[in-house]
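The same chain A turns up in both complexes below, where it pairs with chain B and then with chain C.
And then the complex of A and B:
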């Protein structure tokens, strides 16, 4: 009796999962086997393994990797310093605040800032470097992406560092290890989970970015996300779009698996 | 738990009250069944004053919504759940919607103002006899450029874009048919080419253009050209008119090899709720005076002969927007090439985009 009662509470949850998680994925897989006329085919998968799409996949990976790496590089020290400040919740709030603003608005703002007559170029002129093309370059694309993703990287790392017991650091220093050694052997391994989840939340969406590739990179950077958008909205070749989506899902599952928290022995 | 339940209840009650309020407001403003007409149009593509005037004249209320691509519009209408009474697709989209049975026939007896339209824009291949659509605006694809930034350089041909001096200066509008189209045009091929070799040749030629291309963008192209972020752009004529209105340095040309001629027509989707009102609206927009005012506001070329008589001489004699008969002969309308060919165009376009300088 009791068990059945509990199962009833599970129903809304199961329904949710079936309707909003499982069935969309099945639909995507189903569409990936359809050609333009709606016939069953494997040709979409063949197309995916042509140089165009493989190169695009590599591109997406490379840019997503760069975005994640730079985000991490900036986020870790920031999160670390944040935990040392007096009003850390306030500082954290200030860092998260920009993520409340719509992404498109921020992208448009950067169009103005990075433009030929924008703020960034005005500053370069002041320092005597002269005007440079900033907009529509790899630099601007990675800069803006990092800017957008950084709150998502800081949060988990901040939480991990904040939870770290300070006496462990004291102990390490008492036992004679240098500050660097303490960081490498104590602080970093103990906060690696935060780093992992931070990397996941940044890398996975970065892989399928599409609005920024047009607005900030002027389609000079083509990622899988761009191709999915084009296939669904312009070509209406849903099959090919779905095939790319299937690969994105597979890649993401792999990444989750590889960076997942498996039980390990003593570090 | 109790707090949570209370919070949820509060949200429900508030939402319910808001729905009642919206209903009440709609009724008090006259937005009730049978008395409204929903218009689905491109962004910034009508003089808003005209909507007010239509409401005053007919006592109907207009609900106005906008889209930014034919594909997005078609998807939305196809999926159902929408009640658009009038939509404004381009010619190839009309052909497709017609094939898929998404349009209602237009009753010509209810649109007496149809006589105002120039015969040149009636009975075109995409809709013989104008059974399903009525002309709204038309235009071309061409080159907008900024002589001030280019030391007075002028453009006459698509091939002028391949000039080495234009390194990193060109903006393209992000459309497969437009970009592949001007590649084909520059080789004196048809815009509706389906021959594989010729298409490949056009793609190779476009790849050679890559060093000159600064970016491939969407609607932002207007802002970027107006701000003189780049000196050359490949755009639709109406966008060019907008840009030239905001930045007087800009000029527009339809290249001599020919280009695309496109039409946006008004249609009545199958999902329409107020077919009577839709006809009234279409007839209203074809009125000479209304069309003239609208043309003045929007900046695209009007197919309305009577309206042209009311427009200032400088507008209608401007060959950049009302091309001469000889040039018009070299303009081509996009044909519906079928899904397979369109997909092939898009693949070529994607390959072109993948090439980096």
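And then the complex of A and C:
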């Protein structure tokens, strides 16, 4: 009786999962087996393994990797310093704040800043370097992506460092380690879970970025995300778009699996 | 200033911002190979002293010497001192072996040497065969031993212990008290043990420093401190006591509870107002007419080893008695005590003044006899 009573509360959740998670995935898989005329085919999968798409996959990985790496490089020290400040929750809030602004708005703001007559070029002129092409380059694409993803990287790392028992650092110093040794042997290993979840929430969306590739990178960077968008909206080849989506899903699951958190007993 | 001193504090003060100092102008010496206990209520500065010795914090002013060398500017990782932390601070991402080997790996010892030393340290704390256990698989008492092994494997000259037994249950705590004492004697190094538990301090130490409000109130052997507390704070903090207002008529004669008694204390001004300490276990129950003081039993508590009896005398002063004899509530009884059981304290006396007075009237006593 009791168990059945409790199961009733699970129904909305189950419905949600079925309607918004499981059925879309099944639909995507279904479409990936259809050609342009709606007939069953495996050709989409064959096409995916041609150099064009493989290169695109590699490209996506490379950019996603760069974005994740730079985000991590900036986020870890920032998160570390944040935990040492007096009003850390306030500072954290200020850093998280930009992530509440719509992505599109931020992208357009950067169009203005990086444009030919934008703030960035104005500054370059002041310093006598002269105007440069900033928009539509790899640099601007990675810069803006990193800017957008950084809050998502900082948050889990901040939480991990904040949770760290400070007496472990005392113990490490007491046992003879220098500050660097303490970081390498104690702080970093104990916050690696935060780093992992940070990388997850950055790498996976970065893999399928499409709006920024158009707006900021001027379609010079073509990732799997761009390809999906083009197939669905421009070429109307839903089958091919769905196939790429299937591969994206597989890659995401693999990454989640590989960076999955092993739970450790934290004293 | 003996060459024996392994740790020396010279007028050390520690203050955070504008708050009152946590440690106020403290000076002391600790000798090699002895068991010291820093005892006091929370916030008295005992842990601060420990962290100053370890080098985890720096003094605001004053000098700290370890083994004769000024160490104010020596960071924690360069000091020949190791700490057993209150929460053990074992590294959760390393197993028992790696936890103990941590300090040795930092020193870049050879693999074989590390292996041998870790095994030896674990044998010392009776944890052979636990090398590959994860920390979370260990019980509280075992974690405690790992923490000790991790510290002693580095062969420190001083081992600092920050309330290491407070998280253990009573039985285990008593066992560990014996083990720690024995460990200290086997290693022959200096132990500095911090606790707020007076029984622990009395049972384990060669010497106790009683602290309150950032000042050392009294230092001495457990019996010194128990039998001759310097002031009300120490008397109250160490064991139970009856503290009464009194008047010193002359040397060896004191008045309290409306009567005069011979005692063994001296060196006071005539008719000086003093405080009297009589320990509850020094009071003996007699029939009313045979007692030095007559009281009425107000309540009685069974404490296991003894009864704790609360009585009031005619003046309304409360008397606590520890005895194995049972009495009835409402009974009139007499209390008997030896002159040695009376301990007289001068109000507001510092430790130096106390020592000086003790010396003076002892000398005088010897002179009188001669």
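Just so we're on the same page, the second predicted complex is superposed on the first by the 261 of 267 C-alpha atoms of A that agree within 3 Å, B and C clash if a C-alpha of one lies under 4 Å from a C-alpha of the other, contacts with A are read in each partner's own complex, and residues count from 1 in each chain.
As a convention for this text, contacts are C-beta pairs under 8 Å (C-beta built on N, C-alpha and C of every residue); 3 or more make two chains touch, one makes a residue touch a chain.
Only a predicted model underlies this, so the values are computations on that prediction, with no experimental measurement involved.
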| item | value |
| --- | --- |
| Partners on chain A (chain B, chain C) - clash or fit | fit |
| Touched partner set for A:218, first chain B, second chain C, both or neither | first |
| Touching partner for A:205 - first (chain B), second (chain C), both, neither | neither |
| First (chain B), second (chain C), both or neither touched by A:189 | second |
| Chain A as apex of chain B and chain C, Cα-centre angle in degrees (nearest 10) | 150 |
| Touching partner for A:117 - first (chain B), second (chain C), both, neither | first |
| Chain B versus chain C as contact partner of A:177, first or second or both or neither | second |
| More chain A residues in contact [chain B versus chain C] | B |
| Chain C versus chain B - closest C-alpha approach in the superposed model, Å | 35 |
| Complex contact set, residues of chain A against chain C | 165, 167-168, 170-178, 181, 185-186, 189-190, 264-267 |
| Complex interface listing, chain C residues touching chain A | 54-56, 75-78, 81-83, 85-93, 102-103, 106-107, 134-136, 150-151, 154 |
| Partner chain A, residues of chain B touching it in the complex | 69, 71-72, 75, 168, 171, 174-176, 214-218, 220, 223-224, 227-229, 339-340, 342-343, 346-347, 350-351, 353-354, 356 |
| Residues of chain A that touch chain B when the two form their complex | 36-37, 52, 55-56, 108, 111, 115-117, 133, 135-136, 214-215, 217-220, 222, 227, 230-231, 233-237, 240 |
